[in-house]
Structures are given as structure tokens and as C-alpha cells.
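In what comes next, chain A is part of two complexes: it sits with chain B in the first one and with chain C in the second one.
So, the complex of A and B:
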């Protein structure tokens, strides 16, 4: 049983809960168009395999991500304990302006909670991560997590922290019509601990 | 929704660093050509910089930021000016806000509310602040908002390169998402709407340049119940030159006020819109309780008069959405003169073709693009072919039918020359033109024309029933009598809950559709276990990729980060790239073969039978395919130094021990427990020495692969049975064994020296003296054996040249890890010749001195 990355993606793209989601063997792929500050932005979300044996391969996918969503399962402390090693990987392989969002999934299973909100919040704060507890099952906070990530990326572009011209910014600007001013869609990417 | 809730929605439209400090709802943008309603003005602050935004709201109050689109951006800099006019007399307390920034000027009409004070205060604070700044702000943050196209509904697609791995070509379709949503929602309209009947009063009157000096109650307030909507049209409001040339008239207010004070007093009405072109005016009023459901009010005017452009003839129209029904009212005054019915048809077509309602974020709408159309006016069609006297006689007797037969409009309508698709009710009233003003007498002027039904009302649309169609002869100040019609029309009302449900369904469908277009495949197995894999024994497994998506999909096995090949050297994938059509499958073969190169790495523990392949779908996902197996170690691929240390069969050596031995292979020296040459080489050579020296074509005829594999197992297990297979198989196994040693018998670094020295036996001997101990042993042992074999060249057909070429290539084998410089064929031949020359010395000369030098 995973922490629910694919379910979160499915909930975000299809607004549905996938009950019997198999382990992701590879990198799944989802897209959704959202609007941030009046700009239509297409999110390209890569949902990476979480199993430890694939970790060396999934690393290939971090580079060039504009955002990363790190997911743990609030009912299993072991998944939370792995976060720091995943975070190290993410930090090492992405660029400094990559937005990292921490999601404590399965918030609907509050009765089986193994990691408190406060503890995870503190971890997020200490490491400069955005944080939310969400439920891929009920959809609670799922939309918010993705949209906030996209918003933050957009802001990074506006502030000039994220350079669109850099090959690995993870963001591409496609001019819709000649002479049109800047518009920039970000890519979020989903990777994490299992 | 209260003000604070709306503020949150408006704020959503902007970045969190851009703060909405004040906003106003219900602003109207006044343009010379039209009035745009449903605008929202917001002041947005970013650091020290402020700007005014005019946003179009597609629904009021805006439910989410997607209901808002930015129309105008005015930075508050030192060119910014704000002037406020108001008409104190205006009963509706209207305020006009003139905003100017850089070269743009805009006028807004705003309802006076307490919020306006806050807004204006904030605006002036901004202006004050900016004028105090030493340098002018640059407004870089506004760039993203300026120049935004209204029709920009095509989402941006993004192509994200995957550095280090193969490049993903994102070919997902560009979604024209919003228009698709609109389309889908309108297809499903009946699922989330119900209808309710509204009464609509339409009135038309050509007032012939008169002021409203009489009460209009007899026209506007005659029905049992107050109507929900009034649409009142006038023609010839003002025939003065000034009106015609400058389009200014006082009559507009006069007649508007007259209508306001004469409509049904039992209900409270508010103005939806008033539009006028020269003498044509159309007033739309609605019961106050319905006003919040009126959206997207747009008007337009078309002049078809002099030169086909001027406004003495033509039409004025207003469109709006009431709940979920689009309604259009047209008031027209068509060309005059008895014979000119063709002109009137033309005017009708011109009004239809030229009327355009322009709205933000939408294509302009024409009159026909509405659910319900009510067309009223002085259409000016006459009665021809009947003499005026008999017409008057018949109509005076209320005998209309024979006269209507000759009504030009009925005739033209019947043959679809005009008002095609429209309906007109039964005419049961006297002609409305032409009277002596102030009387009910037919025109007494010399022209003596036949009376005519100039003033008419048509409608088009489903579920409209006319309740009344009449004239109002008591209102006699003009040469026309006013006409009115009362309709009861079905208006579609949205069930909010159902709407939300269906909207979400539609969005879900679209997301699903888009994600379905992402290539999808099913791979039958993602973990392939080859079980036990032996040296030089090819093993094949296959996987099947089925295209389960709707489009052809191209796959390719791609490299992982920082790797030079998509799979390990011992693996062959066929095909590694292919296109599969929808619903078709492709079988991919994975072949494992451990050869001499990979065997060395397996033995040394630098590689193992494990790999993860990345199967990439163009424009889609990646699938990881895990390959693994257990390599059964063999003497093939071991280093000579390790083999001499093994006094038990290699199969009995623990894997860890072998790896350890291999890692230290440079350090071995001979001692009591080491052999001087590997026992495996000795077994093979000894077998040939004992049983095969006289074998014809020794070393030239190939062995059988299956026998070579049996010999491999015989060596690896230390069997006590006799060596299996023919002499040729044994000879081949020997060659393979010598070729597969981890290091060549003459180390790579000595190769250039050997080649240089090849002509000189003494120098060659010197080099051999300096070889690492065990390899020197093997070299000399083999040369002695070959000399022995050459003794029997009569039987086995060997000669020193052939043997030296064969063994030259083995003793001095090329380094597979060094990329060979492109050698010419010639060069390669010369090198091979020199290698042979080097070995040749040791096959023809007595070098026992070297052996005994130990």
C-alpha cells in the first residue's frame, strides 16, 4: 500500500477516488489546465513510482521540475520518517527555486493517525516547505495543494526567482500570439516516499 | 454574497502579493458606440504601485475568479486623472467616473452607494502617493495583464524537456476548453433548467415629433396584471435637424419619463436599458425583483436611412439574458413611401445583418442568436391595389380580412421575403396610419392615401404565446396610433444545484477526455526473471505491449540519467522502438547473453544480472521494466590469477569469495597452494595433447556449441567423468577460455612494445620475461604445447603461420574498453600481422631457456 500519490493525481485530474490503485511501476502522467492570476496554465504532473527499488531511476525525473509534491501517509509513521531522505534527494536534484509542497495524505483516516499535524507542520516549517493534510479519498485539500503549488511557481516567475530561459526551470512559455506579453505555465511534479 | 466574500473572489484573480484594496460592483463602461454593463472596478496594490482594473463579470456576484476577466488596466502614475460628475437631479443617483491614464480615457457609470466613497478615497490616496514619489514606478507587474486578449481561451500548452533522459514531446491536444464547456453546458441545458412564464408587454408608436402631452396609461397600463417586462419603442421622436445631425434631443428624457410615470403602478420597475438612434428609441423596463437575473445587457443601433447609413431610418436593439434565456428586442423604422416595400425588406435584412452585440470573452451576437426575439416598430408597409375609399369603407365596418389580403407586409411575409421564421398575431384593429393628428379621422390631406397597418409587432422563439394585439386609438396626438402586444413567454430558469452538478460532470468529462488522449498501454509483465543464466547461453523472454488508448502510440526504451545506453550490455531488446496502433499489440523480446566482457564484470561483482528499463511512451507515461536473474559463475571470464588460486571447482566457491579474489587479483604471487597455470587450461590442453594432437584440422574446425557448454560445466563442476565432446569442441573451449580471461595474457599496456619489437626475437623474449608471473607461465606453456602440435603437422594440418595468427589475436587481444581509432583496413592488417610475427618466434624457436629461468 502506497502513500497515495497516484490517487491524489487522479483526484486532481479526474475528481474521482481510485479505490484499488495498483503500485505505480514507472512514471504516470496527468495534465490539467488551471487559471492563475488570469493566466491559463497547463500543469504537467508526473507521478513517480514510490517503491524504494525504483528510486535510482525516478531520480532522473526530478531535474527540471518547477515544483515537487512530497507525500506521506498520516497513518504510517514509517512513511513520514523517510521524508528527510526524499527531501535531500529532491533538493540535490532540483534547482533552488523549485517549489516543494508537503502533503500528509489520508486525512480522512483521522482515527488511525500516526503522525500529528503539528509535528509535520513543524518539519515543513523548518525545511521551508508548504504543507497541507489532504485526502485523496474525500478530495479534501487536494485541489488546494496543486493550485497553491502552481500559484507559488507563478509567483517565483513574477519575482524573477525562476528564470524561464533556463533550460531546467521546468516551465515553458508558449507565446499564443505574436507580440503577446509574458505568460508562463509551470509544471508540477509529484514524487515522494512510500 | 456580501462585500467581503466578493472581495475574496476578486482577490483570487490576482497574485497574493497583489492586494485588492477597494472595488466597486455594477459599473457600466460608457463607450461612444455602446454601453458595457456588468463591470467591476478594482484598485490593486503591489508594493508602492497601484492600478485600477476594470473586470468583466460573466455572472453576478462572481462565484469564482474564473467568472472575471480583465478588460482594462490603468496604472496610477502621474498621468492618471480622475474626475467625477454627477447629475444631482437624477432619481437613481448616478455618478460618472472619468478615468484617464497615459493615453486612455474611460467613463464609467456607477450607482451611488456608500462603497463608492471608500473606492474614490482609495483612488485619490493612490494618486496623491504617486505624485509624491521622486521617480515614477515602472509597473512591471502589470505587464502580464496588459494586452491580454479577450478571446484568449486557448490554453497554453507546455513542452517540458526531460533533461538527461529522452525528450518528451508533449503532443496532447490544445484544449479549447472554455468553449467546449460552454457548448456542453448548452447541450445539457434542459437537464438543469425549468421554465417559468413571464409576461412581456411590447409597445410601438410613431409619435410624429410630438411631446408627451397626454397620459399614456391607455396604452401602457391596460392589462389585468402588470407585465414582467416592458419593451416600448418610439419612432420619429424628434424630426429636428439638430437631432438628425448631432443625435441630441431633449425628447429622450421627456418620453422616457412619460413612460416611467404611465406604466402599471402596481409593480415596481427598473430600467434594463434605453437605446436611441435619432428618432428611434427603445426602452426596456423590468420588474425590480427580476433585475438580479438580468445579465449581459448589450445594445446596438443600425442606421439604414440616407446613404444607407443615417439614423433617420433603421433599428435599435437591446439584448440581455434573463435567467438562462436570451432575449432580443428590436425597434425599427423602415423605409417610407407606398411603393417602397422592396426597400423595407432590404432595411429589415440590413438591420439583421448589421446588428452586432459585442460582449467580452464571446463572439459578437446577431439578432438571430437569441432564444426569443420581439420585433416592433413602424414597419411602414402599406395597402396597395385597393382604392383608398373602399379600404376606408371596409375598415370602418371592421371588415379587415379583405384589406389585409393586400397588406404588403402580409404578402411579403408569406413568401418569406421578410420576417422569415417570425410570427405575427391576428390583426383585429383598425389601420394605425394615417390620421389627422388629434382626431380619429383618416388623413384628410390631398394625397388621399389608403389607411395602412404601419405599426406592427412580430416575434420569434419557442414557447411564446401572444395574449393580446391591439391598437390604442384614444392616444391621438400623432398621425399614427400606438400599438401593443402582450406575450406570455417561457423563461428558462437555472436550478443552481442541478447546474453545479452538471457543470462538474462536464468538467470531469473534459478532464477525462484530455487525460484519455494521453497514450495508454498495458504491459503484461513488468518484472522479468531469467532464472539461472549461464555463460554464453542465450535466454529469451518476451513482453507484450498492448495499446489500450485511442490513438497510435510510439514507444521507445530510453536512457536513464547519466547512462550511455538504455540497457546493460548483456541485454538485447528487440524492437526497442516502435509505433503501435490503437488496440494492437507488440511483442518485445528481451535476450540475455553473458559473454566474455560481461562475465568478467559478473565475476568481479562490478555488475549483476539486474536492470530497470524505462519504456517511454511519446507524449505519455514511462513504465519501468525490471529484469533480473542469477548468473551461474564460470571459469570463463575469470582472471588467470584467480584461477590459479582455486583448487576447487568454481561452482563450489562462494560468490563473495570469488569477488574478493577478483578484487585482489593484481597482488598474487606464487606459493605452495597456487597452481603455476589454471587447472582448467591444463585439463583442456592435456586432453588435446593426449587425444588430439593428430586430429586433422585441429584448431581450424569449429566445435559444437552444445558440447562447448558441456565442457564449460565439466570444468566448472570439477567432474570426474572424462571430458565430454569432440577434440574440436575441446579446442574451441580452450580458445574461448583464453579469450575470456579478465585480462589478456599480454597486458594491454605492453601491446605497443610488442608490436614494435615483433621483428626482433631477443626483444620479444625480453618482453615475455617481464610478463606477470602466471600469465608468463600460461604463455610459455601454450607455446610449448603448440610447438608439440606442430610436430604432427602432417596429420593435423597445422602450420606455424596459421597458429601464430590465431594465437597472436588471443595473446594480444584488443582492449574492448578503448575506443579504437578508426583504423584503415590496411593498418589493421599490419597490426594483426605484427601480432602473429610476435607469437611466431615462440612457435619456431627453442625458448626452453625461458622456462628454466624460473
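So, the complex of A and C:
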């Protein structure tokens, strides 16, 4: 059983909970168009495998990500303990402007909680991560997590911290179909600890 | 299919021969990437052009290329010398650029036709530029088994950071397109691809990236190539599989289930929206239990197969159209017990001898039995009571060459005779008149009162004849 990366993505793109989700092999992919500050933005989301044996494959997807969502399972402390190694990987392989968001998944299973909100919040603050507890099952905070990430990326562009022209920015301005002038797809990449 | 990223250090290039076409000398380059190899033809001026770009952009030494020669450059001796020199040149440059493999060099060696990584780069660019236009287009989008194989493989391989390049070559554009496309067609082949030793139908692929696919057409691809159907069970509406040597429907319907055993099949493998299935020109011998996995089926076409009998498909409550043309049906016994409320049956070009089996298909509106073996005109008695039947084809049966065939068939439908469209044609006034006479004779012979006497205009036609 994983921490629920694929389920979070599924909940975000399809608004449905996937009950018996198989292990992700390599990577999977999902998209959704959202609106931030009146701009249409297409999120391209890579859902990476959590298992150790796929690390080599999933590592090649960090590069060029505008944002990363790191997921642990609040009912299993071991997944929380792995976070620092995942964070090291993420920091090493992305660029400094990449937005990193920490998600404590399975918040619906509060009775089986193994990691307190405060503890994780402190970890997030110390490392400059955004943090939320969510549930892929009920959909609680899932939308928010992705939207907040997108907003933060959008802000970075506005502030000039993220250069659209750099190949690694992970954001593209698309001279799209006649009519609407902008559709910028920031690639957010899910990754995790399990 | 070649995977340069994996076999980078087991890749070689060489020029083994030269050939002359229309007085131009071409050098035949052999590229080997692991177990895959192919050839490319280039003339000297192509090398020259490539060399200029490699020198200016990729730091290849200028003096490496063998020099030009204007006079006497057609002698066999010279060509042989040049072949050797170019071969050395190519090996040199290939070793030098092995790590970065710039796109221009990869294209020169046709990597974009045979290699996973470079083929996908080109595809990504195409879909980045035209993807939106293609998606708006109603037409079905064609992917080759090569492309699908490359996409499936690309998910699972580590891709090292390559040379810095434009985002439009990013793999995500392909996946983005795949996740939105509605209609897909795949055409297979057993012939080697281009000059390579790659056989498209030996390449395996999955359909995982297709999240919203509604229509799938497969032409000549063996089912064994498909490793997973991903989310198609939830989205697919129409499925066609032509000329793929399929023996049983479950080859596709359960393509990703290892043990195709009816007792161990779970709910999760049913096809929730699939309503049209067309498996024309395959080797299907019977419709088996797997059809139950398609509860919403409305339209089933199994034209040009090897069917001889129909199993019980009454579980398909929504089935309306059944095309079984060009099979080997002979006896169609008790079909009313096997099929539900069927509206149209096409059994043309079979070996059907009797109409008895259709006598209780009360919802039937159209029955095509052209090119069968029906001998006796009295067979029509079995279907003349079907209340909804309007279209009937009996042409090219032995019975159709008998005297007054049309009239004799139409006559048996009694009051409904003017509504029947036989062999694409409704009965003419003249035919109707003759039919009524025949009917009268039948009444006399059998001593029964036919229902048409209650009809006022029949008496009128009686006088006329």
C-alpha cells in the first residue's frame, strides 16, 4: 500500500476516489486546466512511482518541474521519516525556484494517526515547504493543495523569480489557438515517501 | 525498436558499400544500436552539409571530412577510397558526439525513424505545434505501433539530461495529447520497417496514456501486442478490430487478464460504455461467454469470420443490430431463445437453409439472408407472422430463381404485403395484384378465410384481375 500519490492525482483530475489503485510503474501522467488570477493554466502533473526500485526512472522527472508535491501517510510514521531523503533528492534535482508542497495524506483516518499535524507543520516550516493535510478519499484539501502550488508558481513568475525562457523553468507560454492569448502549463511533479 | 539511451555504448556506424543511382553516388550507412540495425543512404554533398553545421555548432574539427573532388570523381577506385574515408569520418564523429547526440546528427542517421527517444522528440514537437488542431478535428488519430511502443517504453526508462533544448520536445506534450484524444486508430504490419530489422507487429505497447478514448480501431495488429488497456474499460464506446487473426473476443476484452477463466473474472473487467463492437475479418469460431463483459452492447458485427453457431447472448439486453455476414451458419435453431430484442440481423453469404429459427424474433425489422441456401418458398411461412418485419433479402438464394419468386414471397405476408421491402424493393401494384390472386387460390385450396377479405380494396383488385 502506498501513501496515495496516484489517488491524490486521480481525485484532482477526475474528482473521484480510486479504491484499489495498482502500484505505479515508472511514472504516470495527468492534466487539468485551472484558472489563476484570470489566466488559464494547464497543469501537467507527473505521478511518479514510490517504490525504491523505480527511483532511477523517477529521478529523471524532477528536472524541469515548476513545482513538486511531496506526500506522506499520516497513519504510518515510516513514510514521514523518509521525507528528508526525498527532500534532499528534490532539492538536488530541481532548481531553487521550484515550489515544494508537503501533503499529509489520509486525513480521513484520524483515529489511526501516527504523525501529529504540529510535528509535520514544524518540519515544513523549518524547510520552507508549504504544508497541508489532505484526504484523497474524501477529497478534503486536495484541490487546495494543487491550486496553492499553482498560485505560488504563478506568483514566482510575476515576481520574476522564475524565468519563463529558461529551459528548466517547467513553465511554458503557449501561443495557443486564436482567441485566448495565454495558456501556460507549469509542470508539477508528484513525488513522495512511502 | 532501438533504444540509443540504453545501448549508447553498443552502437556503431559504418559505410559498407556505395551505389550509384541516376549517376549520383550514394553511400550506404549501416547504423547498429544494440540488437537493432538499419541503413541510410547519403551522397557526399549531404555529408558536406552536415559537416558544416557540426563544425559551427558542435565543435567538430573542420579538417575531418575527406575533401571535395571535382574531376574524375566517378571512378570505382575513387569511390572506394571515398567510401573508406567517409566511413572513418562517420565513426570518428559518432564517437565524439556519442554522449550529446545532437538532433541534427541523429536525423542524418535516421534515428528519428527507429529510435524511441528521437522518434518521441519529433512526435512531441508535432503535437506541441498541431496538437490542439488535431484534437479539434473530428477524425480519428492514427498512431503507429512504433509510436505506441515508444511511448510505453519511455515511461519506464531513465532519461538522462540531454543537451539543453526547447521545451517543445518534451515528452509531456505527447502524454497531454494522448490523455485528450477521443478516437484512435492503429495499423500494424509484419513487414520490416523501412530499412531496419524492426517488425511493427512484434512491438508491445499499452494504452495507459489514453484516458478519454471513445473510439478505437485496430487494423492487423495481433492482440498479443497490447499489454494493458488502461482506463479504456471506463471510456470506450466503439471498438473495431479488423484482420488481426483473432480467434475469440476475449483476446481483446480480457487482453490484460492472464487467466481467461469465466469463474475468476471480477466485476472490474466489464466494459462499462462499450456499445459497438466490430471484429470483421478475423478467425472467430464462436461467440463465447466473454461477450457478457460488454453489457451495454448494441451493435455487434462479426462479418467474415468462421462462425457456425450462435451461443446464448440473451444477456445483452440492449443488442439491436447483429451482423453475421460471410460466416458459415447453416441451421439457425431457436434464435429467439438466444437473442433478446434484436432489430436487424445480417446473415448474408452464409449457408442458411431454413427460416424456422427466426419464427419468434418478434422485434425483428430487417433480415438479410441474401446469398444463402434457401430452397423452398414455403420457408417464408416461418417469418411471415413477424409483426415488425419490413426489410427482407432473399436474393441469390436458390429460391430466388424460381418462377414468380417475388410474388410468392410477398403473398405470404397477407395484409402486410404492401409494407414489405423485398430485396431492396417494395412490391409494385402489379405484383400485389398477382399476390392477391395467389392468395385467393390458396384460400380455395386450404378452405380457410384469409384476413384480407376484411380489407375493402382487395375486393376491388379482385375485379380488376
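Structural remarks
One rule holds for everything that comes next: the second predicted complex is superposed on the first by the 184 of 194 C-alpha atoms of A that agree within 3 Å, B and C clash if a C-alpha of one lies under 4 Å from a C-alpha of the other, contacts with A are read in each partner's own complex, and residues count from 1 in each chain.
In this text, contacts are C-beta pairs under 8 Å (C-beta built on N, C-alpha and C of every residue); 3 or more make two chains touch, one makes a residue touch a chain.
Every value quoted in this text rests on a predicted model; they were computed, and no experiment measured them.
In the superposition on chain A, A:37 makes contact with chain B only, not with chain C.
Legend: residue contacts after superposition of the two complexes on their common chain; A:15 is shown touching chain B, with no touch to chain C. Contacts of A:63 after superposition: both chain B and chain C are touched. Counting the residues of chain A touched by each of chain B and chain C gives the higher count for B. Once the two complexes are laid over each other on the shared chain, residue contacts for A:144 go to neither chain B nor chain C. Contact with neither chain B nor chain C is seen for A:125 once the two complexes are overlaid on the shared chain. In the superposition on chain A, contact of A:29 is made with both chain B and chain C.
In the superposition on chain A, the residues of chain A contacting both chain B and chain C are 25-31, 42, 44, 56-57, 59-60, 63-64, 167, 172, 176-177, 185, 187.
Interface residues of chain A facing chain B in the complex, by the touch rule stated above, are 13-16, 25-33, 35-42, 44, 49, 53-54, 56-57, 59-61, 63-64, 151, 154-155, 158, 167-168, 170-174, 176-177, 179-183, 185, 187. For chain B in complex with chain A, the residues that touch the partner chain are 13-18, 65-66, 69-70, 141, 143-149, 152-165, 170, 172, 175, 177, 504, 507-508, 511-512, 514-515, 518, 526, 560-561, 612, 614-615, 620-624, 626. On chain A, the positions that touch chain C within their shared complex are 20, 25-31, 42, 44, 46, 56-57, 59-60, 63-64, 167, 172, 176-177, 185, 187. Touching chain A in their complex are the following residues of chain C: 132-133, 155-161, 164-167, 170, 172, 175-176, 179-180, 208-209, 211, 268.
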